[in-house]
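First chain A sits with chain B, and in the next complex the same chain sits with chain C.
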Partner chain A sequence: MITLQNINKTFRVAKRGAGFARAAKALFSREYETVHALSDVSFSVQGGEMVGYIGPNGAGKSTTIKIMCGILTPDSGVCQINGRTPWKERVAHVREIGVVFGQRSQLWWDVPVMDSFELIRDIYKVNANTYQRNLDELVEILDLSEILKTPARSLSLGQRMRCEIVASLLHDPNILFLDEPTIGLDAVSKIAVRQFIKRLNKERGTTVLLTTHDMQDIEALTERIVLIGKGQILLDGSLAELKARSPEGANAEEMVAALYKEYEI
Partner chain B sequence: MIYLKPYKALFRIRFTNSLQYRAAAVAGLVTQFVWGFMYILAFAAFYNSNPAAFPMTLQQTVSYVWMQQAFIAVFFIWMYENSIFEAVESGQVAYEMVRPMDLYGRWFTMTTANRLSRAVLRCIPILIVAFILPEPYRLVLGGGAIKHVLFLLSMILSLCVVVSFSMLIYISAFHTVNSMGTRIVVGVAGDFFAGGYIPIPFFPDFLRTVIELSPFGAMQNMPLLIFNGYLTGNAIARGMLLQVFWIAVLVLAGRLWMRRSLKKVIVQGG
Partner chain C sequence: MKLYMKYFSMHLKSQMQYKTSFLFTTLGQFLVAFATFISISFLFMRFDSVGGFSYEEVLICFAVMMMAFSSSELIGRGFDRFPVLLGNGAFDRVLVRPRNVVFQVLASQVDFSRLGRFVQAVAILIYALPRSGIDWTFGRVLTLILMIACGAFVFFVLFVVYAAFSFFTIEGLEFMNVLTDGGREHGRFPFSIYGDGVLRFLTYIVPLALVQYYPLLYLVGREDNVLYALTPLLAMLFAVPGYAFFRFGLNRYKSTGS
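Let's turn to the complex of A and B:
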């Protein structure tokens, strides 16, 4: 369903020392540094799997997601999702995937949430019956009926994030990418979001790949974790395997911290 | 038609979204009135000293200014769709790229919708007042139905030239950290050469010939000069053909540049 083989991506970053003199110098000659965001990243995900993609800040998680969504073009490597190369057949590819970027919003700020949903319906050309069925179901599970007429700007973060998730599922995607879906949420909203993702995966068989820093997300949701650090895949295995190598009685948070330490990332 | 459905939906939401900002519309309206009066009074003073020194009659100049102020949102380059710059600079554009839609078409639709909704809110009060003002400060119709149809067609073409030109400025935002400088410089200079401050017939001859052939001459210049009766017959046909030519060139250039830019795009943060 998803395969990545030897994906490489580098960015060129302008660098200079602090202070006025260095800033003035940078006007005339810039120094660039090449940052290897991803080096030889390979993994594959089967249909219906739920995978936690973890790693410290700056490890390359979001870069990987953006490549899989067709937004970024890697320097080299092969990526096949639903039989397509995302960045080459972007439009056909994105029709079959759903994406939530936890730190951004896809809802129109000043209009009721419902208007945003209807726009998405028309953009994906979802037929009326499918749309109504999906909407009714999602709204009921996520308990959103009260806020559909509210403009997105007046929603709390928890309400908004639930709407974001609905928005990315209205077109029946078979793969869902969640980039930090629980960031900043309170306990109740986190639990609601987790339960929902689990149910989605079970009932519809949607393949889910999520990145998070919240280890409870991982514990609650995924059987399999892929650990990335400094642009390289360091570990790809089950949560049980990870537990086995960790100190006795450690919670998920401590296990991951131990891993980061072990790989010096 | 099914192909156009996403664009229609996007047009609708962008149009209604802009319509709801009432205070902005009122503020804009007041500005356009004051600006229009100021211009007309200044021109009237020049005409008083020597009416023969101008290529257009005062009446024609007055009509030019009122129509320009009424449809300012259609004609002026600087009336950008700012949400596009914000989307590019904040990385929000990532969400626009995960939609099964052509990004050029998406931006073109949004800009057009935004401009039209702003024009609809502003044009009616300005036109009403401009029609009931005393001579010679009045907006004058006349010239027959065909002239008005040509004016309307040319205004639509002019909107397309302005939008496809501003697309180049949106795309340039992919290549700069902050697009404010480009926006202001290109906007002010572009609108100057388009006849936004002084009508193009008032320019010195050598400059005028160059501008009339450039994309700037294909913007507000054409419909406004058709409306006030300065252009007639073959000059209208030639001008409208030139408008079509520039739309084709600008759209093609924008699409090519966008395709190249998207290959190199880096969405930072998050």
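Let's turn to the complex of A and C:
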């Protein structure tokens, strides 16, 4: 169960022009610009729900995810996840969530994937039985048995992403944040990842919040989408609703493009 | 601790994947340290003493500081490379793990190539200690151990402070190297030779002299006051402001995210 109420977040960004003269000037006086990364963001996600969190680059998706993971503290607003405020009770909070950053690996580059998994087991203090059960199950579903002894550097991107997902589920989180999980994957891997997420949600009731630019992910996985643009929640509704207000015969990609245009983001 | 050993063996496995690279880096570390040793030796071919200290005394000083520094770097490299961790987002991963942040950064790197310097330091100690004419008592042995252990600790805190600075800026961090690498390089001579100002700074602000100059006086028998032998313990208080500064930086990171 996730609730966000009126979350605000601003960043101060140093303005710096191009060229030597301006760089020299910046040494002495910095001009700052306040960027509103999130303004009044509110939404809630029920346990077991699967939500697609979409928006153009720089809209505030990652900032929201970081706040929900306890990495960032917002300027104001309330966020409750499993009854806790993430940035106040970081350790207890992160025990119950899983996070996959599509563009960053949590696997050790030079050692067999299995070793990374075992380290994660120890970090989260997962008991031996739970670990074995989870590992066997995940490895079977994601078809990884043959690559467990391979170092991460020798894996293909698709294999690695599947391992990343396993790595973030070994401790039985009840919420999973997926930040662009299918980025750069080939068609076969994408489908494998999607099927897996669907199954996870169905069988374990894991709450999934997913950001993506791939509209097929959204179509395949989520019934509900939350659209963010320029730090504001613009739309929160079902995919069906969105379809109804879009031009006839448009695919997901076109619908979202139309939305971005409509909200001028 | 068990978890740290787990990380430790993972690092060992990773680095042993590149054996040649490991060997050359270690050898390089050894040679750089060796060059410093040679330069001290040349210096003492011309002069009998530097700032009133003999060749053997300076060598002990040099070896102790190098040993302290290299053991600190061996385990504390995670803080030394902290700006990288921040830059590539790996630090966010640290924050989503249910473990102490400082512990995780510490465990994120173990640099075995630093053993090159360490071995050099051991060799020099083996050479210099028997020739130094030190009258070995239990207290003096303990003093030597304290100098090395607490010295490593102070360098480690310096790495943590360095890491804390990188929460605020990634530019201009070079000045910290004056204290870390500079502390090691200049620490080959007792800090008193650099004058009162430097000595005071290294006593009260960055307590490197507390693990080097004062206990050295006791070790070589120039000072009988046992307090001199215990100054390295005092130096460990440096961890209090060091850690506080890191926490402060961390809070700022969590509110700015950059």
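We adopt the following convention: the second predicted complex is superposed on the first by the 265 of 265 C-alpha atoms of A that agree within 3 Å, B and C clash if a C-alpha of one lies under 4 Å from a C-alpha of the other, contacts with A are read in each partner's own complex, and residues count from 1 in each chain.
Quick note on the criterion: a residue touches a chain if its C-beta (ideal position, glycine included) is under 8 Å from a C-beta of that chain, and two chains touch if they have at least 3 such contacts.
Values in this document were obtained by computation on a predicted structure and should not be read as measured data.
The superposition on chain A brings chain B into a clash with chain C.
Once chain A of one complex is fitted onto chain A of the other, the partner contacts of A:Asp179 are limited to chain B, with no touch recorded for chain C. In the superposition on chain A, A:Ile97 makes contact with both chain B and chain C. Of the two partner chains placed by superposition, A:Arg160 touches none, neither chain B nor chain C. Shared contact residues of chain A with chain B and chain C: 11, 66, 69-73, 90-92, 94-95, 97, 99, 101, 103-104, 106, 108, 110-111, 115, 118-119, 122-124.
Residues 2, 5-6, 8-10, 13, 16-17, 20, 90-92, 94-95, 97-102, 263-267, 269-270 of chain B are the ones touching chain A in the complex. Listed in rising order, the residues of chain A touching chain C in the complex are 11-12, 63, 66, 69-73, 75, 87, 90-92, 94-95, 97, 99, 101, 103-104, 106, 108-111, 115, 118-119, 122-124, 151.
Taken together, the chain C residues at the contact with chain A in this complex read 2-3, 6-7, 10, 13-14, 17-18, 88-90, 92-93, 95-99, 251, 254-258. Of all residues in chain A, only 11, 62, 66, 69-73, 90-92, 94-95, 97, 99, 101-106, 108, 110-111, 115-116, 118-119, 121-125, 179-180 touch chain B in the complex they form.
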